[in-house]
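Listed next: structures, encoded as structure tokens.
Below, chain A partners chain B and then partners chain C, in two separate complexes.
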Partner chain A sequence: MQTFIAQVINGLSLGSIYVLLATGFNLLLLVAMIIHFAYPQVVVFSMYIAWVVLRYTGNSILLAVLAAIVSSVLLNLISAPLFQKIMKNREEVDINTTMVLSLGIGMIITDILSHGFNKGLPIAFPAKLVGETPILRVGVISLMGGQVASLAVGIVAVSGIFLLLYKTRPGRAFRAIAEDPNGARLVGIPLLRTGLESYALSGVLGGLIAVLLAMLLGYSSPGLGEQVAHKVLAVSIIAGLGNLAGGLVVGLALGILEALVQGYISGSWSNAIAFVVMLLVMLFKPRGLFGIKL
Partner chain B sequence: MSLVLYYFLTITAIYILMSWGLYLPYRVAHLHFLTVANMLISGYLAGYMVQTLEVPFSVALLAGFAAGGIIGYIVSRFIGDAPTFTVVIVGFTFIYISRTAVENIKAVGATMGMFGLPMVAGSPVMHRWTLLILLYALVVVVGFLIYRFEHSRLGRAASVVFVDKDLATSMGVDIKRLGRLVQTFSSLVAGGCGVIYGFIYRSFHLDFFTFHLVGIFMTVIFVGGYATMWGTVLAAPALYGLSLILPPAVASWRIVIYGAILIAVLVLKPEGLITRRLAHKLETTLSRRRKR
Partner chain C sequence: MAQNEVLLRVENLSVAYGQINALKEVNLEVRRGEIVVLIGANGAGKTTLLETTLGINAPKSGEITFKERTISGIPADRNVRFGLCLVPEGRGVFVSMSVLDNLLLGAHHNMKNVGRNLKRVYQWFPRLEERKNQIARTLSGGERQMLAIARSLMSAPELIMVDEPSLGLAPIIVNDIFEILVYLNKEGYTILLSEQNAYKSLKCAHRGYVLETGKVTLSGTAAELLNDPGVREAYIGA
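Right, the complex of A and B next:
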């Protein structure tokens, strides 16, 4: 029973990361109408930037957090004109081409990380960030600082985004664009500025996720972005693209499933089992469990 | 023939075939990355058959094609008419699952890979020529079939599906059936390519089938032009050749270079270098000359 509880706790913290990533991803999908497949790669890039800052500032966590957020926002804003140009070229929203462009951006980020940082080897974050001793230990159940932080920040950030989207004027503008871009333009909502705000907001979220992921995993590698990207897109598809509430449920469920499989099945088969479950859901419900909200 | 030329010719042929394997399903707006998993599964299957069971290469190659086709058909029953992003993610999931499976199966070398595969002909020279002839025969056959497809009712139906699925349905196009056909065919081709790909190097390793491969094939079709089959024929040798002529220090960044080229083409020339209009113009000019 203790193993089960320990794995559920692990799963909840991992799931909260998936939820955050899926929320940032869906935000861009809903407002900017792009499938930013490279969003998790942007997050992993920010992890590397945080690692560099930690190394050169004597493990200053505050500066590392700031650097992660700034790099994530900058990368998102740099890619924004590329996506906008593609949309303009085609005179319509073309989710498929934005996905290909995003895959291209992901290729570049992954290869830069493979060549430009730590000779392509995985990086380890200092104990000051990751935490050396558990906050709580009962038998085999141990609660690390990273787990608590990712859960807490996950809940606060997702609640904040829900509040922003459903209780504020900018949120209404975001939803109006998602619902009908031409109608939103007619009622005076600036499409470009609101779109850029969504890129910046998902960038801030990306920077926070980078730090949380660093705290939770304690390491990063160039290939991490691709693996996480795949899971985040799967979470979004299983939930239903653009469905924030669905993403919350599915993200947590996937985290718990993965942790349980890792807890009870040995070897690297655990990853495959999580992928098989994802595959089965996608094959039988290709439009998602909770419905597409586009 | 020098080894450099041999690798250039064989790998270019693999790039052309695999990019056609992506191009064909993209005619109905599907990015079918399952093909890379098909390469891996069929390749390892054939490697095991030849090395451990001592089955002749020709039989193993046929088994590779069959395995690709069967897996492609089964999966296409579910995603024949699915949205593009679902097809993408199903493909990626298969790559992960098959990689994890190979990592854990000792009979195919697990993480170490399979090395020292037997030659397909008596001597190293014959081995190379056999694979080269086999590959280019395959390029001609697959190219001919795709050409016929493009100039048939099915090709025109695929064009309508690409532009507007609702319109295609109201015109009587069976989207799911068409999706199944192109997905199964591309998986079948990928299965055969996977077998030959491993026998070119006479080894199989998981590093042969990474996401870099997805990126390369994607770059080939989008840079060459996703609207015609000829773009691939132009882009595959150009992109692979580029990595050979660059200095080694720069060539090691080839994925960054490919990514930059891909983004530049998507932004500046979205239909790729060979557009449908250009291909049509060339075809018309050539047919006029032939008539004269």
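Right, the complex of A and C next:
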């Protein structure tokens, strides 16, 4: 029973990170109309920035969080003109070109990380962020303070982003563009500026995710972005591309499923399971469990 | 009516989509307090004229002035802030959003007065208040058209452009919609309306323009157009 509880907590914190990643990814898809496949690489880059800041500021968590957010926002805003430039028609998502550009950005980030930081070896985050001693230890599973904290912050962040989307003026504009870009323009919503706002917002989200991932995993590596990118794509496709509420459900479910597999079978199966689920969903529900919203 | 200031003036406006000339040297004016109707068949250029005025398309040549300021070439969101608005053809409401969210989108550039404007709009359209938390998809065609008009009022416009409000609505509902437009006009709103339904729209308008393949072929007071044999034959079927 303790294993179960520990793994559900673990799964929820991992799941809330998937939810946030899928939300940032979907925001860019819906509002900026790009497939940002390398969004998780941006997040992992920000983990590295946070790591550097932690090292040089004597583990100041506040500064690390700020640095992660700034780096992720900047990376998103720098890539925005590139994406916009190659999009001829702003009323439709241009999957091919934006995906190629995004893959390129992802590879550049991965290369910079493996050549520029810690000789390409994985980096470890300090105990101050991850937690000193396990809160709970059951057999091989131990629950660190960072994992529980990342769950708490994750829940707050997920609620925050959904409140923003459904209860605020910019959130309404985002959803209007997502539903009908042309209609949004006719009611006077500036497409380009609102698109840029979505790059910035998904950047802020990316910075938060970077810190949460660091708290949950305790380490990072150049290849982490790619692994996470596959997972985010799986979550978004299983839920239905662009489906924010679907991403919420599927992200949490996948997190819990993975953690349970890790707890009862073996951690190395968790990736395969996500993709088997994705294949099954695509066979039987090609538009995803909750439907594509583009 | 003739003494009133000119609110919108379109001069020698030409708009092209690639090689196709959608509007050719169109001249038109709307005075404050008027209902002006643009009559024309499908593809005559009515929607292009309204959308270009709003700032969606860039004109090839010509000039549009609104409240004595040149607005051609200025993006739509700034023109909306300046007092223009468009109720799109096909009742372009956001069907997956609630009625209230749709109304608030209309107030995107006018959040200061949102409470007062909501109250006023609910007073005029009590059915929208009853359904404010419903998703717009669940509304009937007529209700959606009302929502689209109500949404445009949330931006506190001085000129409301309404693109084919009768499209796809039952005749009895069309009467309601035109009644609403006349009522709003009496409340002080200036209206530029595009319609294929020439008879009903001329009945409620002050003046009209006939648009044929991108050109204004006829203009005059509503009564003159209603009695014009050409208009009667082509658009009224009498």
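Here are a few things to note about the model shown:
Convention: the second predicted complex is superposed on the first by the 270 of 294 C-alpha atoms of A that agree within 3 Å, B and C clash if a C-alpha of one lies under 4 Å from a C-alpha of the other, contacts with A are read in each partner's own complex, and residues count from 1 in each chain.
Going forward, a contact is a pair of C-beta atoms (placed from the backbone, for glycine too) under 8 Å apart; a residue touches a chain by one contact, two chains touch by 3 or more.
Just so you know, these numbers come straight off a predicted model, no measurement behind them.
Look at A:Val100: by the touch rule set out above, it reaches chain B but stays clear of chain C.
Which of chain B and chain C touches more residues of chain A: that partner is B. When the shared chain is aligned, chain B comes close enough to touch A:Arg287, but chain C does not.
Residue contacts after overlaying the shared chain place A:Gly188 against chain C, while chain B stays out of touching range. By the document's definition of touching, of the two partners only chain B reaches A:Ile112; chain C does not.
Of the two partner chains, chain B is the only one that A:Leu279 touches; chain C does not reach it. When the two structures are aligned on the shared chain, A:Ala176 is found in touch with chain C, with no touch to chain B.
In the superposed pair of complexes, A:Ala50 makes contact with neither chain B nor chain C. With the contact threshold set out at the top, not one residue of chain A is in contact with chain B in one structure and with chain C in the other. Residues of chain C touching chain A in their complex: 51, 54, 56, 75-77, 79-81, 85-86, 88, 92-97, 101, 104-106, 108-109, 111, 151-152, 155. Partner chain B is touched in their complex by these residues of chain A: 35, 82, 85-86, 89-90, 95-97, 99-101, 103-105, 107-108, 110-112, 115, 226-227, 230, 233-234, 237, 241, 267-269, 271-272, 275-276, 278-279, 282-284, 286-287. Considering their complex, residues 169, 172-173, 175-176, 179-180, 183-190, 293 of chain A touch chain C. Contact residues on chain B toward chain A in their complex (touch as defined above): 29, 31, 75, 78-79, 82-86, 88-90, 92-94, 96-97, 100-101, 103-104, 211-212, 214-215, 218-219, 222, 252-253, 255-256, 258-260, 262-263, 266-267, 270.
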